[in-house]
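Listed below are the structures to be examined.
Across the two complexes that follow, chain A remains constant while its partner is chain B and subsequently chain C.
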Partner chain A sequence: MSPKPHVRKRYWNEPEMGWYERAYLFEILRGLWITGGVFARNMFKWMTGRKGALTTYYPEETRFDYAKGNRGKHVLTRRPDGSPQCIACNMCATVCPAKVIEIEAGFDPDDAAHPKYPVRFEIDYSRCVFCGLCVEACPEDAIRMAKEVPALPGDDRWAMWLGKAELLEWQPQADVAKPYPPAPPRAKTGERP
Partner chain B sequence: MPRLTIDGREIEAPAGQTVMDAARAAGIFIPYFCWHPQLSVPGNCRICVVGVEDKGGEWIDIACNMPVSEGMVVHTNSEGVRQRRKDTLQFITLNHPVDCGICDKAGECTLQDYHYEYNGERSLSRDAKNHETKHHALSPRIVLDNERCIQCTRCVRFTREVSKSNGLGMQNRADHSLVRAVEDGSFANDPYSDNVIDLCPVGALLSPSFLHKARVWYLKPTASVCPGCARGCTVNLWHRRPEWRLRAPDMRAQNESIDRVTPLENPAVNGPWICNKGRDLAKLLGRARAEGAMLKGRAAELQGAIAMARSLIAAARKPVALVSSWGSNEELAAFRAAFGERLDARVKADHAPEPGEVVEDAILIRADKNPNTAGAKAIFGDAPPDIPKDADLVLVWGEGLDFNRIPAGAKIVYLNAWLQPENGHADVFIPISIQTERSGHYTNFAGVTSAFAKCFPKPAQAADAETLFASLALAPGGGP
Partner chain C sequence: MIADLVIALLFIGYAISVLMGFGTILTWVERKQAAVMSDRIGANRAYIRIPFTQVKLVWWGLFHGMADGLKMLLKEDFKPRTYDWYAYAVAPWVVFTPVLLVFAVVPFGGNLTPAALWAPLGEWFGDKSYPMQIARLDAGLLIVFAFSGLTIIGAMLAGWSSSNKFSLLGALRAGSQMISYELVLGLTVLGLILIYGTVDLDAMVRHQSGTVLGFLPAWGIVYQPFAATLFLAAAIAENKRIPFDLPEAESELIAGYFTEYSAMKMGLFMFAEFIEIAIIGALFTTLFLGGYNLPWMSDAGFALPGGAAVAMPHGAVVVTQLGTFLLKVFVVCSFQILIRWTLPRFRYDQVLTFAWKFMLPLAVANLCVTAVAVWWIRS
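So, the complex of A and B:
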C-alpha cells in the first residue's frame, strides 16, 4: 500500500496574493517601516520625557491609570476603633480558587460583639489570581481590592506572602518609590526617568 | 406486628415501636433535634412532625413519640407537614443569633442543614432577640453559648441517663431557659462530659480546645482506635484535609496535628460515646518525638543503629524482649515472625493509670491503660514482664519501663517513639513510628478487633516498627 500523497489543507481565509505581494521584498520593507516608525516615535517620546511612551519600568514604576474596577491588592477594612472588620469566618479562604488565603482565628472573650478575630491573615500573592471572589464572599465587607497592584516582584517566593499588618496598613501612596499619582516622567537625555 | 404505610411504603413494625424508629429502620429520614437513638424521648423540639391520614383529612403530631398502629398511613412530606416544620423552625430560630460565620458547628450543624432544607426564609419576627450569656463555662472542658442553645435538653438527658453524673439541668422557663451545671461540680468531674459537644445539635456547647481552631470543612476524619485503655473505643481523628493544607511558613505544623477527636459509632465496643481521655488524644499522641537514633546517648545514623542492634542481638546468649502493648497486631505478628523463639518475649504495660485519672468504671473506662494487651498476650503468652537476672541483652519496645529493673551488665536495645530521658541510657536507641503514622489493628479486652488508619506521613528519622523487626533479626553482615 503506497502512502497517500500529502495534500495541503486549504483554509477559508487563505491570503490572496498578487504579484506585488509575491515579490516579497516590498511587503517586508513596508513591515520594517511600520515597526521602525513605532520604535522611533516611542524612543523620541522616552528620550524627551514626553507622555505616551509604551514602556513602563515595572516595578520601579507602576501605572497610574488603572481602571476604576481593577482588582489589585487586597485591603482589610477596619472598624472605627481600628480593629480589623474581619471575623475570621474563612469564607474568603473557602471560596478562593487558588487557596491562597490562610487565616488563624483567635478568641477574645472580652469583646462580646466580636469574639472571633483574625490572629493572622495571610495571602500568598505568588499564587493569587486576582479573581475577586474573596471580596464577593465576605459577609462583613472586611476585604476589598484596591485598583493598584502590589509591588512584590522579588527573588524569594516567601516574601510574596502579605500578612495582616501589611493588608491593614497598606496605603497606595507608600507602596511605590515615586510620588502617587505619578507625575509624568521628566528626564534628561541619557538618564532613566 | 402492625402494618403501616409511610410515604406510600408498606412497613411492618413491632408493636410499641415509634413511627420515628419504624421510619428509620425502613430508611426514611425524619428530621429531629431533641430525639437521639440512645436517649429518652422528651418530644420538645417538634421538628419531627408527620401527618397521619384520618377520615379524609390529616392530623399532625411528632413521630418520635407516636407508637405505630395497624393500618396507619403516615406522610413525612405532605403540604401540612412542610408548613408545620417551617413554622417550627421559625420558633426555634426566634432567639438564635444566626452567627454561623463565627460558630464552630457551622458546616455540621443540624439547625443550619434543616433551615436550608425545610425553611430557607428570613425570620418573620419583628421583635428583638433575647440576649443571654455567651461563653459560659459549664466546666473547664465545655463552653456554653446560651444564645445558640435551642433547649433540646439532649445534654441534660445525657448526664442523667448515660454518664449518670446528673451534672446538668435547666434553669428558668420558656425563652429564658438556660442549661446550667449543678453547683457540686459533678459535671466537671464527669469523665464523659465531652460527649455533650457532639450531642448538641447546634453550636451551643463547644470545646475550648477546638474553639475557632478550624472550620469543619477543612478537616477530615480518619477512623482510628483510642489507645487510652483496653476498651479500644473506635474514634475519628480529625485533621486537615490534604487539599486544605496550610502553606504559610509558620502555620504548617497544623497540617499534621489532630484537631479534635470524636467517637466513631461502634455498637460492638463503645456505642456512640467515648470518654474525655479519648478527646485528649491530641495531647497523648502529640508529645515531643525522639529526634533520632542514638548509640549510648550519642546521635547516630538510623541504618548504623539498626546494624549495631542487629549485631548485639546476634551476639547475645540470653536475650530478653519486652514487647509493647501499644503495638498493633500486625507489628506483634511481625515481631514474632522475625525473632521466633530466639528472644524470650514478654508483654509489658506501656502506660499505667495516671494520678487523677478515672481508673475504671462501669461504662467504658478500663483499668488497663494499654490498647492491645489482649492482642499481645494472644501471641506472646501471659508471662509477667520480669527480666531474668542472667539476661545479657534486653530489647525494650515501647515506653514505660523503669530501666533500673534491667540487670546491670545487660545491653539495652530500645525502640521508642517519644523523647524521654531513658532513650540516652540505651546502648542502641531507635525511634519508631506512632499510631497515627501507620495502619493496623488492636484487639480489645473482650477480643473485639478494631482497625485504625494512617493519618500523617512518618517522620524521616523514625523507623516503621513492622519492617524494622525483620531487619533487626537478620544475621550481622547481611544474609539471614
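So, the complex of A and C:
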C-alpha cells in the first residue's frame, strides 16, 4: 500500500501574497523602516531630555492613572472610643482567596458588648489580590478599602506585612470623612444622598 | 627591528581591545536598542556603588555587561559525561579564536608615520611608514574566508561532543546553513574583486578613496549595491543570528549546539557571536563603505569634488581615520541589531531555500553582470 500523499490543509484566512510580498526585500525594508522610525523617535526624545518609553521605572515611579474604582489599601475602622471595630470573627480571613489575612483573637471581659477583639490583625500585601471580598464579608464594617495604594515596593517580602497598628492608624483623607456609624442620608431635593 | 616589533604589538593591542570593547559594548547596545525600539526603558538596575558612600553609578545600565561576565565566571561549570571530553572542551575556543583572527587582515587606518606624528620619534623610527593593520597580506580577503570558515568546525565539534540530540541537531543545522551561506558570501565579494583587481583589503580601501562620476565617493556600495545587500544578509546568516538563528532556535532546540555548555564556555559562544557582529561590521565597512576614510578623503587629506583640496597634518589624519573606522563599524553593528529585533525567524527549509534558490542565483547574476561590465569598460 502506498502511503497517502501529504496534502497541506488550506485555511480560509491564508494570506495571499502578490509579487511585491514575495520579493521579500521590500517588506523587510518596510519593517525596518517602522522599527527604525520608532527607534529614532524614542532616541530623539531621550536625547532631548524627555522620556522615550511607555514603561515606568517601577519603584521610583508609580503610575498615576489607576482606575477610578481602584482600591489598594485596607483600613480598619474604629469605634468612637478609638478601639477597633473588628470583633475577630475571622470571616474575612475565611473568605480571602489569597489567604493573606491573619487574625489572633483576644478576650476583653471589661467590654461587655464586644468581648472579642483582635490582638493581631495582619495582611500580607505581597500576596493580596485586592479583590475586596474581605470588605464584603465583614459583618461589622470593620474593614474597608481605600483608594490609595500601599507604597510598599521593596527588596524584603517580610516588610510587606502590615500589622494592626498601621491598618488602624493609616487613615487616608478619603476615608476619614466616613464616620461610624454612617451618618443618616440627608434628604435634600436634587442632591444625591 | 625593535621599532617594528613595538608598532606590531601596539597594533595587536589596539585590535584586541577594539574587538573586546565592541563585544562588551554590543551586549549593552543590543539590550538598550531593543528596548528603545519597542518603547521600553531597558536594563538599568546594575550599578556600581562608590565604596563608603551611597553614590550609585548606574550609567544607563552600562554595568549589566560586567554583571553578566561575573555571573558566567562564578557559575558552576557543568560538564556532561561525554565520551569525547577533549572535543567538548576545545570547541568554544575553536569558535572564538578564528573570529578574532579574521580581524588581523582588516585595515583600521591608513599609513602611520611615527616621525611625522612627533619629531623626536623620528630618531628611533627613521622615516618608516606602517600600514595600520596587523598583517599586511596580499591574500587578505582569502584569509578572511579561510578563518571564518573555521568556526563551522567549532560548532560541529560542540554539537557532536555534547552527546545530546538537541546539540547534534543544532550542529547539523549550523553546518549546512553556514556552508550554504559561505558560498553566497564568497560570490558577492567576487564582484568587488573583479572591480578592484585585488584581494588585498588595504588596496581595496585605497581604491575607494576616489570618486565616481566626479562627486560620488567611490565606495563599494556605490559600485555594487546589490552585492552589498546580499553580503550583509549572508553575513548575518553566517553569524547565526535572528532571522537565521535556526542552529540555536530556542523554541525548538533549547539552545542548539551549545545546549550542554554552561558558565564561561557558553559565554565564549555568546561573546564570539557579539564579536562577529563587529567583525561583520568591519568587513562591510572595509569592502563597501570606504574603510577608514571619510568620503573624498585619503592619507593626504580631503580632495573635495569641487576641486578644492584640504591638506591635513598627519596626526589629524590618523585620528580621523581611526575614529571614522570605529564609527562606521558601530553604525553597521547597530543596523545588524536593528535587523535582529525586526525580523522573525525563518523556517528551516526556508533558510536553505533562501540561500540556494534565491540568494545564490542573484549573486551569480550580479557576478555575471559585473564581469561583463568590467570587461566592457576595460576593453
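Operating definition for what follows: the second predicted complex is superposed on the first by the 102 of 193 C-alpha atoms of A that agree within 3 Å, B and C clash if a C-alpha of one lies under 4 Å from a C-alpha of the other, contacts with A are read in each partner's own complex, and residues count from 1 in each chain.
FYI, contacts are C-beta pairs under 8 Å (C-beta built on N, C-alpha and C of every residue); 3 or more make two chains touch, one makes a residue touch a chain.
Predicted model only: the values in this text are computed from it and were never measured.
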item: Touching partner for A:M43 - first (chain B), second (chain C), both, neither; value: second
item: Contacts of A:G31 with chain B and chain C, given as first, second, both or neither; value: second
item: Chain B versus chain C as contact partner of A:A112, first or second or both or neither; value: first
item: Which superposed partner A:D124 touches (first chain B, second chain C, both, neither); value: first
item: Chain B versus chain C as contact partner of A:A53, first or second or both or neither; value: second
item: First (chain B), second (chain C), both or neither touched by A:M91; value: first
item: Residues of chain A that touch chain B when the two form their complex; value: 87-91, 94, 99, 102, 104-107, 109, 112, 115-116, 120, 122, 124, 139-140, 158, 161
item: List of chain B residues in touch with chain A within their complex; value: 101-102, 134-135, 211-213, 215, 217-218, 243-244, 246-249, 251
item: Chain C residues within the chain A interface of the complex; value: 33, 35-41, 44, 229, 338-339, 341-343, 358
item: Interface residues, chain A side, partner chain C - complex; value: 24-25, 28, 31-32, 34-36, 38-39, 42-43, 46, 52-55, 57
